[in-house]
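So, here come the structures, one by one.
In the two assemblies presented below, subunit A is common to both, partnered first by subunit B and then by subunit C.
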Partner chain A sequence: MPPTLAVPVIKNRNQNRLFKVLSDVMSRPSGAIGLSLVVFHLVLAVISPFIVPFDYREISAMLMLKGPSLEYWFGNDHLGRDIFSRTLLGGREAILVTGIATPIAVLWGSFLGIFFGLVGGRVDEFSMRIVDAFLSLPWILKMLVLIVTFGTGIGVLIPTLAFFYGIPVIRIARAATHDVVARDFISAAKARGHGRIAIIRHELLPNVLDTLMVEGAMRWSWMLLAFSSLSFLGFGASPPTPDWGLMIADARGFMSFAPWGVLAPVVFLSSLIIGINLTADALAKALGIDRIQKAPV
Partner chain B sequence: MNLDNRPLIEICDLSIGFSNEEKQVLPILRNIDLTVRAGETVGLVGESGSGKSTLALAMMGYLGNPLKVLNGSTSFRQQSTFDLSVRELEQIRGGQLALIPQNAGQALTPTQRIGRQISEALKLHSKFTETQRPERVIELLTQVRLPDPATLVDRYPHELSGGQQQRVAVAMALAGEPDALLLDEPTTGLDVTTQAHVLELLRDLAQETGTAMVYVSHDLGAIARVCERVVVMYAGEIVLDGSVRQVLLKPVHPYARSLLASIPKLREASLPAALDGRPPAPGDVGNGCAFAARCAMVEDRCTHERPSLQVTKSGERVRCHLFEKVEQLAAPGPGTAVERSSLKQAPEVLALDNIAISYTSRGLLDQILGRQPNNTPTVDDISLVIRKGETIGLVGESGSGKSTILKAIAGLIPARHGNITYNGNELLKASIDQRDKNQLRRIQLIFQNPDDSLNPRQTVAEILAQPLRLYFGLSNQELHDRSVEILERVRLGGHYLERLPSQLSGGEKQRVAVARAFIAEPELVLCDEVTSALDVSVQAAVLGLLNRLQREFGTTYIFVSHDLAVVRALADRVALLYQGRLCEIGPVADVYSLPSHPYTEVLLGAVLEPHPDSVPVLSADDIVELSPMPIGCPFQRRCPRRLGEICDTQTPPWQQVSSEHLIRCHIQHSDLQKIQTQQVS
Partner chain C sequence: MLSMLLRRLSLGFITVALVSIIIFTGVEFLPGDACTAFLEREAQGKLLENCRRDLDLNRPAIDRYLDWASSAMVGDLGVSVNGQQSIAELVGNRMNNSLLLAFCALLVGVPLAIFLGVITALWRDKPIDLVFSTAAIFAMTIPEFVSSTVLILVFSAWLGWLPGIVLTSANASAAEFFPEIILPVIVVAMVMTAHILRMVRTSVIDVLASDYVRMATLKGVPYWQIVFQHVLPNALLPAINVVALTIAWLLGGVVVIEVVFNYPGLGRMMIDSISDRDLPVVQAIALILATVYVSVNLTADLLTMIANPRLRTLHMRK
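For the complex of A and B:
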């Protein structure tokens, strides 16, 4: 028997790993800031209907384009509505739509990506050219085509976003699969005679999950931006729903003399997106899939 | 040669380390004192993690990212290297002090022609004018013995073989006419014949030019050939420093003794002695001697008092309290002999009948027209019979198709034609999907690199559970018990169950891989270069383990390796492969003695032994062939004993030298014996 070595023995590896990754994310300044921002926005989205001081639909001719005051903290918009209340509520639809669409996008994208990565050959070659074709189209164009055809509303927006944002995930999942498939532990499993499903579940998935998690976080931030852009163009949330993109669009014309109308939703939207990006970055570093390697020893 | 006896590189009490996440300072190098004089050739030897590369790079004033100098200094020609400005360092690096990296293929710029790369080195580090440079480039390429330098200058790095790339790297290093060359494992990863050629070149260059060399390697055989002096490193310390002859024949440090004992020898059919345990991690060395935990001679004093570097009577420096005692010991004896029972009557386990394997798949047009591809298969005409309980070694250079044959047996690559018969009557289907579970269970595969063959996300328990669930349908307690049992068999123990591969050392990982294969209760285990990614001391332990398991379970091995000495230690019979074709097959003792197939002769001649008087015999060029010859003898292009046209046009016949020993050559085996014995004498 070799001497027993002082290596920590881990119990409950999965819980332990999740905890370790989370604490690693929180130990990085970018991760701590990012995750706090994300959590702040998520909590706000849930509780905002109960804490807003005014009804977001309440129109008042007296208050049109008034600047910030003690009563109306962020000022009023061109219809005299309270911008503070509208801003607090403005992320709800965006977070709801993208929060549902992102997991769907990552799920179907990685499913196909892993499939193509495993099968390879002509199927892979052919399908990836289709993926390339989709990727080469400007995103706003292809999305507008679907929305114009089927109309707006959550029922159309979620599948549309989930579809188009799943396509780049195929590429990422396929590349991650290729990295793993070439390794000997996959050959070892094949040589033992495991079925394809077992190999995917036990050997492949645990090794590509990290990449997919980070990819999912990044997709979410891009999807949020896309949703807000659609709202800005008038194809996302429909009035009078308070939505950041829509609010920016409405206040745009008065920007030169009533900048608060644009400022509040812009700050909220960008803080959420920056928060997600920072978290994704810290997550990638904590999971060790960051390009910059740690100490070489 | 050493007229100029000034110190060139001087290292004084140098310690280098890094800070970990807990802000502790962990030393990688500890109190290094070393002087390299002009024209001297010094070998730095040690196992992975011993700090030898860090030391070599420190000589150039280079530290990797988190590393910092904790103590001491290093100087080049009385200039303190770490105090120099970037500009001054640029003058020294490449000019007076040149580095030859391990992987020349990655060190050369892929988009630049060879000529331009060398000419750039000349521009930076020599006085040659623009018009003189092309001529000098040709001169340099000739100096490193590259064939046809005039056309070579227009080639790109990827058009050259590994050995040629390494020569180009040497030529580039010589461009600045340096005072010293630093070589960081320059031949690791090259084939034996190529390695021998490159080493001879380096040896000659050192003599011709009087350049000092610092040769970093884990391979004592290579160092024995190139260097005059050896510095043995362990856990970031110099433990022994002396002449090659002294260190290799009468090492006065226990670590050097064990290290030498763990190297398999070509002339001995015995398992080398293993060195238990593993070197301490940076920061884990206590107050005592770093080697105390693994030392066979350890005394009380060793565990709490750090030995200093002392000078022996014969002029070596050694870091050991007990070196006087070690000096009295006899030279390390041979390893444990492997019992070879006669296996002639044993039943056959596997028979390969005229197997051919091709990697090129049929193109679309061929598929539509139903045409067979008419290219020459990568592996062809392989017929082998493997008997129960024996170990057969498959030996060849890289690209000889040895791993491909294993994959075909395992069903990972279907053979183009030919039959694989199991137990004399069971025909094995070509692909895994068509084989039944029991057939799959009986044949298990162990891979070269355990870092790659163990899933980094699975614990040892999960790794071992895969075959148990698949083949025996076990679960819970039974599964646990069997896993613990097999771990004890491979000398690891049940407390390893919850560990991840990243928490194991290289040797422990390979033990887990061995355990995973043996837990399936296989009859035939295919070993694919299982020890070549391991340090020598660990290699010896794994070889010992494989041998013990074979005796316990009566397993049959097919052992693929490029290392003739390792095969000698373990195998009963050897088959030599060149370009996917068999050249020679027979019992180990017969194949390693005369007569040999000319290819065997070339391979055996190129093996470097850790002995100061071992001289390689280089009888063939080290060119690398990319594809096998469609007709004639596969070895026709490199054969030193070529007869003439018959070799190019006719496939040589199998000649029976003795009942079991076969050689495939046009030359009569009695003639071969005559020529080869003449040459030896």
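For the complex of A and C:
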């Protein structure tokens, strides 16, 4: 059969498969909840600037630490700013930064991982030692050193997150490659006389991709965690940008008598991260991958 | 067995050596050095010259690296730029506090995680599993500063049961940290329990599906005897590795929790020294934490090997 004929068939199957996986995810209660939360937050991030009732920068001495009211649904913060507006807007920078950094991290990490997995030998052995060395340092130390040196703008945060969160992906992609290469269908393809590139494209990649998709979802949630933690510590989003991590840090001091300042961003941030994790879990189950969670990194 | 041990040891040593090179060159390539960071705006002319001479920064990088690495190996980590104190002493104090926090969390977390992990696996997909597995996802994924903040709000601000912040000084004795340490321990133990629980659950489920368990069932061995004699010993081995990773995380990764509770551990020292750009301290902490990471993982691998005869022979045949 000429290869031109085979291509549309494969494409069609892929589309069907994507649909099947998605409906499988949606058919699990956790997947349905998770995916709805993620979609809700993504939509909110896009439309929030047009629907917020107040300017997020508007300071008012009269409204300082006022509780929730009919006009200001979530109350006001220590500068009298509307917490409802700020909470709706609070995920935008985090989603933007991690939304760009995650694909970059997964791409370069899996590229190198698959490469090392296929090449093997000395190069692989040595590179894995370097990966180990990077992994043995706490994430916050690696990132903070760069951020403190180069500043906290988006232009620094995105490459920093993309770089450091790509390193563990190398390991995952390499392990997945080793896993697939040992399977019978690869030997079969070799025996059929397919070229290296063809085998990689048609046999290896589709199989590794499943693992990488789940890994990508996980990376995203960890990156969000990292970004909001950095914001909380004062190294992520910078004021007056509304950001959940930053809002929680600001409101913490007044928490005993004005807890609404903490609660709104806490609920929003947690719901997004839990949503991503539930989706990743359901996705892993739908694709038949065990998502073994190791210790926190 | 001995050659295996030597191989693992040398690999671990190579990793630590690579870390030290990465740390050193990293700091070397970043703009500015310890002196420009310390002197800030006055970093010019005579002052800068003197400082660089005092800290020996004018010698070639390779010389300085070898000096630093060889004295680090015998425990001399140099002096901090800001306080001119011995880093080994500064870090030692904080290390003790971090170890105290880690020890308490392990004491609570590991037995609880193993217990819950086994329970959720044995009653897989039953209500008890759903409750704890979902709780584990929550505990694992909610940012630590969020859970800490909520716990402080509830137990400290509203109920007034526990102090929400640690006010004890860095070099106090272990006993003085109670009861302030309780809330940080709860947060740390929560995250940790969630991770170990999931790992234990997966591995118990794997073993339950294995041929030898099916064999024992077919032979008519009572259920609980199978669980205690066949399943648990095999299923709990992988937990050693997770606990090892957790120990490394407990010492270097709980920065945010330490900041929230104002706990004087290694993590907060790390943040402070990075903000102050006290580079010698940053280098020292990075090296120590990397060494801890490598050595706990190595220990875990060796323990697993000793406990599991199959792995032992597998490696010998290689």
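Everything that follows uses one rule, which is that the second predicted complex is superposed on the first by the 269 of 297 C-alpha atoms of A that agree within 3 Å, B and C clash if a C-alpha of one lies under 4 Å from a C-alpha of the other, contacts with A are read in each partner's own complex, and residues count from 1 in each chain.
The rule is short, and it goes like this: a residue touches a chain if its C-beta (ideal position, glycine included) is under 8 Å from a C-beta of that chain, and two chains touch if they have at least 3 such contacts.
For clarity, every value in this text was computed on a predicted model and none was experimentally measured.
K.L.:
Going by the contact rule set out at the top, does A:His202 touch subunit B (first), subunit C (second), both, or neither?
P.N.:
After superposing on A, A:His202 lies in contact with subunit B but is clear of subunit C.
K.L.:
Who wins on subunit A residues touched, subunit B or subunit C?
P.N.:
C
K.L.:
Tell me the contact category for A:Leu22 with respect to subunit B and subunit C: first, second, both or neither.
P.N.:
After superposition on chain A, A:Leu22 lies in contact with neither partner.
K.L.:
Return first, second, both or neither, reflecting whether A:Leu107 touches subunit B, subunit C, both chains, or no partner chain.
P.N.:
After superposition on chain A, A:Leu107 lies in contact with neither partner.
K.L.:
Who does A:Leu96 touch here: subunit B (first), subunit C (second), both, or neither?
P.N.:
In the superposition, A:Leu96 touches no partner, neither subunit B nor subunit C.
K.L.:
Contact-wise, after the overlay, does A:Ser229 reach subunit B, subunit C, both or neither (first, second, both, neither)?
P.N.:
Second partner only, subunit C.
K.L.:
Between subunit B and subunit C, whom does A:Ser187 touch in the aligned arrangement: first, second, both, or neither?
P.N.:
First partner only.
K.L.:
Which parts of subunit A are in contact with subunit B and also with subunit C?
P.N.:
Of subunit A, residues 295-297 contact subunit B in one complex and subunit C in the other.
K.L.:
With touch defined as at the start, can you tell me which subunit A residues reach subunit C in the complex?
P.N.:
Within the complex, subunit A contacts subunit C at residues 30, 129-130, 132-141, 144-146, 148-149, 221, 225, 228-229, 232-233, 245, 248-249, 252, 255-256, 259, 262, 266, 269-270, 273-274, 276-278, 281, 290, 292-297.
K.L.:
Which of the residues in subunit B come into contact with subunit A in the complex?
P.N.:
Within the complex, subunit B contacts subunit A at residues 18, 20, 28, 64-66, 276-277, 282, 293, 410-412, 432, 435, 437, 440-441, 444-445, 447-449, 452-459, 462, 466-467, 470, 491-493, 495, 498-500, 503, 516, 520.
K.L.:
Under the touch definition given earlier, write down the residues of subunit A that touch subunit B in their complex.
P.N.:
So the residues of subunit A in touch with subunit B come to 1-4, 7-11, 13, 183-185, 187-194, 198, 202-203, 206-207, 295-297.
K.L.:
Applying the document's contact rule, which stretches of subunit C touch subunit A when the two form their complex?
P.N.:
11, 14-16, 18-19, 22-23, 26-27, 30-32, 134, 137-138, 140-146, 149-150, 152-153, 157-158, 191-192, 195-196, 198-199, 202, 242, 244-246, 248-249, 252-253, 255-256, 259, 267, 270-271, 274-275, 277, 282, 285-286, 289-290, 293-294
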